[in-house]
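Next up: some structures, all given as C-alpha cells.
Consider the two complexes below, in which chain A is the common component and chain B and chain C are the respective partners.
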Partner chain A sequence: MMKIGNYTLRWQMVLTILVLTVLCLVWIYPFLWMISASLKTQSEIFSSGLNLIPQEPQWQNYQRAWVDAQFSRYMINTVLITIGTVVLTIISTSLAGYVLGRYTFIGRRPFMALLAGTIFIPAGYTIIPTVDLANKLGLLNSLWGVILVMAGTGNVIHILLFSAYFSSLPKELEEAAVLDGAGFLTVFFRVMLPLAGPVVATVTILKFLGAWNNFFVPLVFTFSRPDLRTLSVGMFAFVGENETDWSGMAAAATISLIPVIIIFFVMQRRFVEGIAGAVKQ
Partner chain B sequence: MSERDIRLKLENLVKEFPERGGKGTVRAVDSISLNIYSGEFLTLLGPSGCGKTTTLRLIAGFEGPTSGQILLDGKDITPQPPNKRDMALVFQNYALFPHMSVFDNVGYGLQTRGMSRSDIRDKVEESLGLMGLKGLGDRRPNQLSGGQQQRVALARSLIMEPRILLFDEPLSNLDAKLRVQMRSEIHSLQRRLNITSIYVTHDQIEAMALSDRVVVMNGGQIEQIGSPEQIYRYPASRFVADFIGRANFVPVAIDSTNNGTAQINVLGRECQVPLQFDYRAGMDVVAMLRPEVLSLREDPTLQQVQIEQTMYLGSEVEYIVRSGEQTFVVAEKDPRLQKVYSEGGTVGLDYISEAVHLLPA
Partner chain C sequence: MAALSSKNGSVPAALVHSRILSKLWQDRLIYLFLLPTVILFGLFTLYPMIASFLLSFQDWNGFSREATYVGLANYQEVIADPQFWLAFTNTIVFMVVTVPIRVTLALILALILNNPKLPFAGLFRTALFLPVVTTMAIIGVVMTFVFDPVGGPVNQVLLDTNLISAPINFLGRSSSALPTAMGIHVWKWFGVTLIYWLAALQTVPEELYEAARVDGANVFQTFRHITVPLLVPFGIIIVLITAIDTLRVFDLILTLTGGGPFLKTEVVEVYIYRWAFNSSIPRLGYASAAAVFFGLTTMFMAILQALGYGMVRRMRGTAS
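== the complex of A and B ==
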C-alpha cells in the first residue's frame, strides 16, 4: 500500500492508473510527435527514433510554413471559410429543425424520413453535380463557393439535433412571446435560438471541425486559384516531386491544429451538455 | 349590466380535436355561449379535461374554433391572431424566458412595441414595485422562488395593459400556503386595476374566493353561470352541487306548489322550500342539503339517525350519520357551544328548511 496525502491507494488502483496513463500516452503520442517534429531538423526526425525532445528547437520551420509556404494567407482563408460555413449552417439547420420539431404540416413525416435517408449517401457521390452547379453559378474558384457547398451539405444530424431539442421546450414560451407582439423571426431569434445554446455549441463544434479539416471541397474549388487555398490543402505544398519537407509540414500541421484546440476548450462544457441533452430526448 | 358593458362575447363556440391515435374527433368545447362584462372577474371552473384550457386558448387565439364566434367590444375577432387581440395570459408554468433577466422579461412586450428605452425602464420599475419585486430586476427567473416567478408573470401581463387578462391555473404550482396568499393578492390587484379577467381553475375554493361570476363546466359544456353564492346555494344540477362544496341528496316528490314555493316531505317533516326552477306538483326531484344546513339534536320528534363517525376538526365537528339506506354528512359549527355526540349513538337529525334546494332528479 502507498499513501498519498489522505488517500490510501490500493494496488488495483495503482495498476488502473498505470494502464490508463499508458493508454493516454499512446493516444496522444502522434500529436506530441508532430509538435516535436515541427521543431526538429529534417534528418533528426528520422534519426532520433521515438525521442520527443528536439536537440535544438528549429523555429525556422515555422517561419518556412507561415511565410514561405503562405500559411498566413491560408489561415485567413480557412478562418473566413469556417466562420461563414458555421454561421450559415447554424441559421439554416436551426430554422429547419425548429419548423420540423415545432410545427405539424402535411408531409412532415415523409420529409423527415427522406431527410434521414440522405445520411446514407456517401459525400463523394455528390461532388460532381455540386461542382457542375457551382460552375454554372460562377461560384467555382471563390471562397463563397466553398462556404455554400460546405454549409449546405452533411447537415441532417444537425437538423435532427435542433428538432429534438426544440420539440422538448414548452410551447408556452413561444405563446408568451407571441402575446408580447413578437413575430415568427423575433420569436425564433430572441427566444428559441438563445434557449438552444447547448445544441448551437454542439453543431458549431461539429461543423467547425468539418469545415476546418475539409480537404476535398476546397481542393476542388481552388484548383486554379492557389491564393484561395485552405490550411489542409496548403499542406500539400510541402510534398515536393523529389523530396518532402517533413519538418515544415509538421510546423504547418501544428499551426492548423492550434485554433481547433482553443475552440474545443472554450466550448467543451456546452458541447457535452448539447450531446447529453439531445440524447436525453 | 347592459349590452354596452359586454367586453367579450362567445357565441356557440365549438372546438373539435382529432382524437389522439384514433380516427374520430374529440369535442373539447361544445357550443359555449357566454358574455364577459367589462371589469368583471369571471372563472371557468370544472374538473380536469372539461375544456377550460381549450376555451381560454380559443379566447386568446392560440386555437381557432371549429365553429362559432368571438367578439371583443362588439368586433368579431375570431380570425385574428393572438398578438392582435390585446390580451395577456398568465400561464400555469409561468413561461418566463429563462435566458432573460426579470427586467427584460417584464419589459419584453414594451420592447417589441418599440417603446423607448427610458420609458420602458420607468414602466418596468413601476411594475416591479407594484408586484413587490423591487431590486430583483437583474435576476434570472431560475434564481427566484415560485411565488416570485408568479409575480413576474403577472407583472409581464399587466404591463401591457391588456383589454382582457387571462389566467390558466396560475396557482397550481405553488404550495398551499403561498397559493392562498397569491390568491388574495390577485384578488386585490384585480379589484384595484379593475381589469377584465378570465380565470381557469379546477379548485372551487379559488373560484369562489376570486370571482364575480363562476362558469361551471362539464364535458365541454356550461353547466351553470352565477355568482359564487348562486352556484353554492342554488346549483342547477347535481353535478354542480357535488362539484361546488359537499352536498347530501334526498330523493323527494313535490306534493304541491304555491306562489313560488313547493311543499315537500324531507326527513319525515313537511316543509315549504322556495323554488328556483320551474317544477310542478307530482314531479320527482332531489332535495339538496348542505352539511351545514343539517344539525343533530336530542329530540324524539325528529328523524332518528345512527352516528357512524364523529370527526373533530377544530372549527367544526363533522358527523357521518345513517338513516336506513341513506347516509348524511353533517357539519356543526363551533364545537365549544354544542354538545359533541359520540360514535354509535342515536340522535335526531334537524335541518333548516329555508336552505333546502331542489334539483332535477
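== the complex of A and C ==
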C-alpha cells in the first residue's frame, strides 16, 4: 500500500490513475499540438517531430493571424454576435417561460405542443428558407441577421427550463407582492426574474456555447461580406486561402478557442450542470 | 322547434364568444410576454419549416423571381440520385457506429470516475470534457493538420513507433476518411455522454452499494444487480439524445473533408449545402426535398425518443 495524503492507494488505484493520465494526455494532445505549432516556425513543425516545445516562440504567427488574416475583426464579429444572441435569447425565453410556467391562458397547450414539436429540427432543414427570408427582410449579410436567426432557433429547451423553474416557485411569493400593490410586470421583474438567477446562468452558458461555436448560419449569411465572418467561418476561409501556412493556422485556431476554453474553466460547474440537466430533468 | 334550438344554440355561443374575448383581453400582458418568442420562433423556426416543405415541390434557383411548381419531381430525382443515398447512408452509418462506441466508453469511464476514492477525478473529467466546449468547425480544420500524411503528428507517432512503414493519408483515402471523421466526432462529443452517465450514476444511492458490500457482493455482482437495473432507463434516454446529436455533423465534415474524397464522406446536410449554396446554379427546391427527407428522419428519431421517455417513466413507476 502507498499513502498519498488522505488517500490510501492500492496498486489497482495507482494503475487506474496511470491509465487515466495517459488517456487524458492523449485526449488533450490536439490542443497541445495546436498551441505548440502556433509558436513554431513553418519548417520546425515538420522537422521537430513530436517535440512540443518550440525552440524560440514565434509570436509573429499570432501577429499574422490577428492582423493580416483579420482574426481581430472575426473576433469582434463573434463577440458581438454571441452577446446579441445571448441577450435576445434570455429576454425572450425568460418572458415566455414565465407565462407558460405560471399561468393558464387560452392557447397555452397548443403553443407548448408547437414548441415541443420543433425541438429536434436540424439546421439543414430550415436553412434555405431562412436565408431567403433574411434576404427579403434585408438581414442577409448583416450581423443582425445572424443574431436574429440564432436567437430564433434552438430555444425550446431554454423556454422549458425557465417554465419548469418558474412553476416550481411557491404561489405565496407573488401573492405577497400583489398585496403590496405590485402589478404583473413588477412581480416578474422585481420578484420572479431575480430568483431565476441559476436558470439565467444555465441558459446563458448553453446559448453562449451554441452561438460562439455556430458555423452553418454565419457561413451562409456572410458569403458576400468577408468582413462579417465569425471566427469559425474565418478559419474555414483561411484554410482555403492559405493552405500552406500551418503555423498561422494554428495561431488563428488558438486565438479562436482560447476565449471559450477560459470561460469553460471559470464556469466549469455551471457547464456540467447545464448539460447534465438534459438527462436529469 | 328549429327556431328554438337555433336560439338556444346562438345565445350561449355569443356568451362564450364574449367570455373568450374578455379573457383574452384580461390576459393581454401574458400574450405580450410571449410576443418576442412568437416573432423570433415564428420567423426563424416555424416559417422555414413550412416554407422548406412547400419549396420542395418547386423548381427555383434563388435568382429568378418566379419558382415553378413541379410536383413530386424533386423527390423523384432525390430518390434516384445515388449520391443522395450515399450521403444518407453515411449519416446513418455515422450514427450506428459512433453511438454505441460513445455510450459504452463513456459508461466505463463514468463508472471509474464516479468512485469517490479516486484522486484527481475532477481533473480527468475536465480533460475529457474539454473538446466539447470548443468550436467544431475550428477543430475540423486543426484535425486536417493533425492527420496530415506529411508532418501531421499522428503519422509521425505511427512512423516513429514502426507501427506503419509509410504515412497514411487518413482523410484523403475514401476507405479511411469516414472512420477518421467518426473517431474525431467521438473524441469531440464524448464528454457530453460522460456527463450524462455521471449524472445518472449520481442518482444511485450510496447506501445501496454499502448494503451490497455488507452482504459480501463483489464489484461485478454490485454492478450487475444494483447499477445496471437502475441505469437502464437513463441508458435509453442517453442513447437517443446521443443518436439525434449524431445526425448533425455538418461542421465537422465540411471543415474536415468537405465531403471528399470524391464525395465519399458527404452527409445529408453537406449535400443540401452543396446544392443550395455551393453550386453555380443553386437548386433550392431540389435541396429542400433532400432537407425534408432528412427532417423526417430526424423527426422519426425524435418520436422514438418520446416513446423512450414514456417507457422510462413506466419503468421508474414500477421500480419505486
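One rule holds for everything that comes next: the second predicted complex is superposed on the first by the 245 of 281 C-alpha atoms of A that agree within 3 Å, B and C clash if a C-alpha of one lies under 4 Å from a C-alpha of the other, contacts with A are read in each partner's own complex, and residues count from 1 in each chain.
The rule is simple: contacts are C-beta pairs under 8 Å (C-beta built on N, C-alpha and C of every residue); 3 or more make two chains touch, one makes a residue touch a chain.
Just so we're clear, the structure is a prediction, and the values are computed from it rather than from any experiment.
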- Task: Overlay done on chain A, so just call it for chain B and chain C: clash or fit.
- Result: fit
- Message: A:V191 in the overlay: touching chain B, chain C, both, or neither? Say first, second, both or neither.
- Response: first
- Query: Is A:L95 touching the first partner chain B, the second partner chain C, both, or neither of them?
  - Reply: second
- Query: Quick one: chain B or chain C, who's touching more of chain A?
  - Reply: C
- Message: One more residue to check, A:Y74. First (chain B), second (chain C), both or neither?
- Response: neither
- Query: Mind checking the angle chain B, chain A, chain C on Cα centres after superposing, to the nearest 10 degrees?
  - Reply: 90
- Regarding the shared-chain residue A:L173, is it in contact with chain B (first), chain C (second), both, or neither? first
- Task: Using the superposition on chain A described above, determine whether A:W66 touches chain B (first), chain C (second), both, or neither.
- Result: neither
- Taking the superposition as given, tell me the minimum C-alpha spacing from chain B to chain C, whole angstrom. 11
- In the superposed arrangement, what residues of chain A touch both chain B and chain C? none
- State the interface residues of chain C toward chain A in the complex, per the touch definition above. 20, 23-24, 27, 29-31, 33-34, 36-37, 39-41, 43-49, 51-52, 55, 62, 112, 117-120, 123-139, 141-146, 150-151, 153, 156-157, 160, 187, 192, 195-196, 198-200, 203, 234, 237-238, 241, 244, 247-248, 250-251, 254-255, 268-269, 272-273, 276-277, 284, 287-288, 291-292, 294-295, 298-299, 301-302, 305
- Item | Complex contact set, residues of chain B against chain A | 60, 62, 81-83, 87-89, 91-93, 95-99, 108-109, 112-113, 156, 160
- Note on the structure: In the complex, chain A touches chain B at residues 170, 172-173, 175-183, 186, 191, 194-195, 197
- Given the complex with chain C, which residues does chain A contribute to the contact? 4-5, 7, 9, 13, 16-17, 20-21, 23-24, 27-31, 33-34, 37, 45-46, 49-50, 88, 91-93, 95-96, 98-100, 103, 105-106, 111, 114-115, 118-133, 148-149, 151-153, 155, 159, 184-185, 188, 209, 212-213, 215-216, 220, 223, 231-233, 235-236, 238-239, 246, 249-250, 253, 256-257, 260-261, 263-265, 268, 271-272, 275-276, 278-280
